[in-house]
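The following pair of complexes shares a single chain, subunit A, combined with subunit B in the former and subunit C in the latter.
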Partner chain A sequence: MPADDPIRNLALAAIDAERQIDAMMQPVAGSGLLAFSTLFRYANDPGFELSDDAARCLAKNPAAMADLERLIAQSALVHLPTLAAAASETLTRRETAEAIILMTPSRADPGQVYLSIDLMDAEAKRPTHLFAGSSGVDWHKLVLPPFAGPRTQVLLEAGHPILAALGDPRSVVYLR
Partner chain B sequence: MSAPLIHILTTDGPVAIQRISEEDPAVSSVICLDGRAQALPISPAYDAFVRSPVGVIERMTGHGAYRMDVARRIDDGRSWQLAAFIAHAAALQSAPTIRHIYASGEVDSTLGVRPVGHIDTKLKALSDALSGQEGDAPDAIILVPSQDTPLPEYINGIAVRAVQTTDEALVLIGLAAPDRHIPADKPARDAYLKKITWRMPLILTVIAAIVFWFGSDLARWSALMAQGRILALEKDMAAADETAIGQMRVAVYQKWRSFSKPEAGTIDIVGSLFIADDAAGCAAAGSLQKRPLGTGFTGTEAICKVEVRAVTADTRLQIIGRLGYWPTGLGVGGKAGRVMRGSKEATGRTWTLEFENLPAQGAALRLVVIAGTNDVRGSQPWYQDLLATPEDSTAFKAAAARLEHLGYRVIARDWRRD
Partner chain C sequence: MSTALENLNLEEGKSEALRAALSCVAEASAFDGGPRYSEKVSRELARIIVCRSYAKPLLELSHLMVCASGRNGRFEDVFWGISRASSGEFRRSFVALNGLSENVRISANGIYHNDGADGFQISYARMPLLAALLEFMITTVGYPAIDDMTRPVRGQRVSSNDVLDAARAMQRSLYGYLKDHLPPVQRQRRVRHFLTFVGSHAGNRSGADAITDDIVLSYWSEFADTVEIEARTYRGVYETARRLIVTLDAAADRLASTGARSIGTDFEAGEIDPEDVEAVVSALDAGEGPLQRLLESCADRVKYINVNESEILAELPLNDSTARRIPISVLRNAIYGAVQLRLSMALRRGDDATQQPMPTAADRYYRARLATYAEVIDGTEKLALASLWVLHQGQRPEAVDLALQLAPDINWGVLSGHGDVAHEENVISLAASGAMKAFFRIIPDARGDELSALLADARKAWRQVNRAGFREESKADFMDTMAAAVPDVLRLIHAVRQLLDRDMKAIDWPEHEAADGIVFGAILGRLYNQSQEEREDAG
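After this line comes the complex of A and B, so read on.
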């Protein structure tokens, strides 16, 4: 087969591309890099959590964090942007045209907080998980219980990191 | 008395309801596991059970969001509803007379208790769970829905009672039926009110004519009845009965009063004997065994105490009565050894008789319950015959008739040690 045969060149290019994808999808031992497949799964699989090592690696890697942010933002069902509130203010309610997120302290147990999400469109697709965080900082993920009608609700310990993230006006929230 | 311990019967054994707390109405009601921040998957069903207009709890309590903590997981079904309803009702009232309540049943929007599955398995699981504990629970009850298949009378000494409504269940544990029900058929009621409004002038005219015709008799008799002075009322009516027009007025008044007479079956009477192996055992209250009262006792044990309750779900009714103790037999000697008035409670009356001289063979008890829409005060001479004579005797029937003419229902129960 001649060296300039177009079929041969196409086959070699395909083999090369596959090797590159394989390399990109595998973590590089000791390099502090995260496999793209890990980030992809973390963003899309509600039940998948990052290992402690992967979370540390993510925190040290701005490029990976940017990749994760893009993955989270992609195809999110609801986006709640940062708010122009005083930095010291802790939010208990976030609202857009698509959804209302409410954090209500429990009367029965002051150490616990109800996080409820109401969708404005009763016919809208139901999210299965929530991400909250600030650009370039930690992202927090919460798996949501099944919706009952347009609402879902989860009871959390008051110190849960997702509550701190949701209460921070500088944070962004995505429902996926 | 401390709060009752209410348990949900499940196929894996009883699950205790640990607490019920009001929550912010902005949140949905939740069932949590053992005080933790873990809402069980059935929480949406509990929220629907609580929140009006579909839910029944907000109709009863006026509040729309609660947190209920349970000791173990409950995964599905609706059989937790009866126990949850009782727990909410108990939280609104003073402590019920029954302390340990085991319940299973679905509650519908009219507060009927619907059958649920696996009752046999749940009772077996309860029996297994209680097997390591004391065999007898004198202040416990098991409540299940009425069903076609027969139920055991007792599980580990605890009475099993089938109920068709939540009111029945509440009465059995010594709680009053809730009075904040919003009728489900409110539109129908509104239509009825609209229908009778235009007839109101005619109704008022008829009432005015009746009032004029009765004159002062009606006012006087009604006042005596309202004051509970039944003996005085009886004498006044006897005086009026001497004239022809008076006889008519008495007959009309008695007929009118008969509309207030409680239906048969409105009053539920339950009683217990507390027994010990011997007389010395009666001193140790904690070791007493509880047995249903029934109509007689043939055992050899010492009978230390008797407790009888007459209760009703009809909150309009007053229940009074006497419990007479005849040490040597009903009516023997002409005077009862003890006569108890009983203590009034929210849903009826309880008579508790602790024997100083333990009942021997031939000893008898006679309970007379009088139920009506008005209390009875002052002298009540009819008790002499009601407590001492057989139910089929002329004297008993005559005494009962005096009260029944005035709109009361008289019920007697006998017990005897054979």
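After this line comes the complex of A and C, so read on.
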């Protein structure tokens, strides 16, 4: 078989490629990557939470964080943007033409806060969960109780991270 | 020197990122924690990435994204709203979307995108790979980039040129990524060395025809104990020969069917068409063989074949022409490949390798091995017969296919009331005439007509089986798996029988048992007595 035989050359190229495929198929442990399937489920399935490993992986991986941010923003029912308030100011109310979010300390227990969400359009599709966070930093997810009419309300511990995120004027909020 | 080392590390770092991306996709989870993509799909993905044959799949993917986003401009729900990326799940997703976009037609086998030109068809079977490719693209290039690249073609009527533009944008981004992360392929020296030897001993034969049993044995005999090339194990040489047979055959077929000719020898320089390379590599994929397909479709639930049996049948090359071209080497590998492995392990353990038993002609070892293969496949056929009873009871249409294969000589015409009409288009005439219902009404009776007797045999076989998937209490749970595996188990039975009857039967095995005992005894003695002496000298 001469060296320039096309069948021979194609066969050898395939064998070389197959060896490289084997090498590329070796599993990589601790690669720091997070499967997009997992991010999609986290963004869309209210009941799905990231494992500790996955959450650590996400926090260390700016590309995965960018993927998640785009996913959260896509098809959000309500978007509440960053506010021009002073960075030191803590918000207790966020409002757009679509929704109002209020954080009210409980009178019965000062260690707890009522988070209420009112939709402006009574016919609007009801969100099931909320994401709040700042681009490239950290995102917090909260599963919302069912709406009664245009409103839902949930009682949270005052130190709940979602309250800090909602109170930060630099953070963005999505209702999904 | 240090620069070369640094470059090597740098190269490894780059390819490590690609390996991690492929691994990330392969390990993506379904909702129940199982794998989202099958091993076969993960390997196909690695193949199109390494072979750089992604142009056509990315065009298919672009059309698929157009179709998936027909309702609201979003493609994600179709791709990730499903747990496992399987053809069945994609079928269900698209059936649910049926009628929501005037440019997309849903059929039983796939979808059709009316792009204003010739239209574009994608089968459900292709979709798992395209989904894995999309997940890989997102993992490497990023979701925002893919979202932006495909936005112009989503949620609206688009032309074939629009889709092509989106595909080209993805191709460019993947090309850029692979330029930085896919290292050049390593030329396999052992394969080239073997092929050169074949060339110098083949006379006027060429291609896979040049590789013969004699050449495989001669090569091993000549190079097993040289430092020129690593050819110490017969099994390694046999595998090299087998891989070359498969690729040379596939390359010849590919070039004959496409009429293409490479313009050189350098794959990296684009002198060989990536799609040709991918097509030939796919011929090497063990996952396509009947044994692997059966194991993948049902091994852990319905034990048509157990671990021991699958290890025995794995010695047989069932998906290519190896057994036809080098049948004696197949058995030499099964017998002496295993003997050599035992010798190596004995030596490694510090045992005396010279004390290891060798096969003798009196053992009739080749014939005994052939009898073992026949025995295993007889057992598999008996299990297939047992599953006929289960599937018949469950009134599954697969029972008809199974019965037709297990008893092809039966006169099926009696079921349709048309007398002896069943020899042409058996399945169609049965289904079309409603004879299937009649088939399911048959009562097993060993002394009844042929069909009743067949079912009586099937019931008897089932009663004698005690394996996972065949027990009374689990019959209903495993019915779907058993039914789905019917084509695979039939393919396996056919492939093993064909190999034994067509490729192995006419060979004078007693002669080879006598001759090979001497040849292998001499070479293995040379290799392992020498090693033993060296060990003793060192000791």
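What we mean here is this: the second predicted complex is superposed on the first by the 148 of 176 C-alpha atoms of A that agree within 3 Å, B and C clash if a C-alpha of one lies under 4 Å from a C-alpha of the other, contacts with A are read in each partner's own complex, and residues count from 1 in each chain.
Please note the rule applied: a contact is a pair of C-beta atoms (placed from the backbone, for glycine too) under 8 Å apart; a residue touches a chain by one contact, two chains touch by 3 or more.
From a predicted model like this one, the values you see are computed outputs, not experimental measurements.
**Q** Give one of first, second, both or neither to describe whether A:Leu155 is in contact with subunit B, with subunit C, with both, or with none.
**A** first
**Q** Does the superposition put A:Ala84 against subunit B (first), subunit C (second), both, or neither?
**A** Neither subunit B nor subunit C is touched by A:Ala84.
**Q** Check the residue A:Thr104 against both partner chains and state whether it touches subunit B (first), subunit C (second), both, or neither.
**A** first
**Q** Quick check for you: in the superposed arrangement, does A:Pro145 touch first (subunit B), second (subunit C), both or neither?
**A** first
**Q** Which touches a greater number of subunit A residues, subunit B or subunit C?
**A** Of subunit B and subunit C, C contacts more residues of subunit A.
**Q** Contact-wise, after the overlay, does A:Ser37 reach subunit B, subunit C, both or neither (first, second, both, neither)?
**A** In the superposition, A:Ser37 touches subunit C alone.
**Q** Per the contact definition in the header, classify A:Gln112: touching subunit B only (first), subunit C only (second), both, or neither.
**A** In the superposition, A:Gln112 contacts subunit B only.
**Q** Can you list the residues of subunit A that touch subunit B in one structure and subunit C in the other?
**A** No residue sits in both footprints.
**Q** Show me the residue ranges of subunit A that touch subunit C in the complex, using the header's touch definition.
**A** Contacts found on subunit A: 1, 3-21, 23-28, 31-38, 40-41, 44, 63, 66-67, 70-71, 74-75.
**Q** What does subunit A use to touch subunit B in their complex?
**A** Interface residues on the subunit A side: 102, 104-109, 112, 114, 116, 145-146, 148, 151, 153-157.
**Q** Residue numbers of subunit B touching subunit A in their complex, please.
**A** 19, 21-24, 26-28, 30, 32, 35, 37-39, 41, 43-44, 47-48, 67
**Q** Could you pull out which subunit C residues touch subunit A in their complex?
**A** Subunit C residues touching subunit A: 15-16, 18-29, 31, 36, 42-43, 46-47, 49-51, 72, 74, 76, 80-81, 135, 138-139, 142-144, 147, 183, 185-188, 191-192, 195, 198-199, 202, 206-207, 210, 243-244, 247-248, 250-252, 254-255, 261-262, 264-265, 267, 272, 276-278, 280-281, 283-284.
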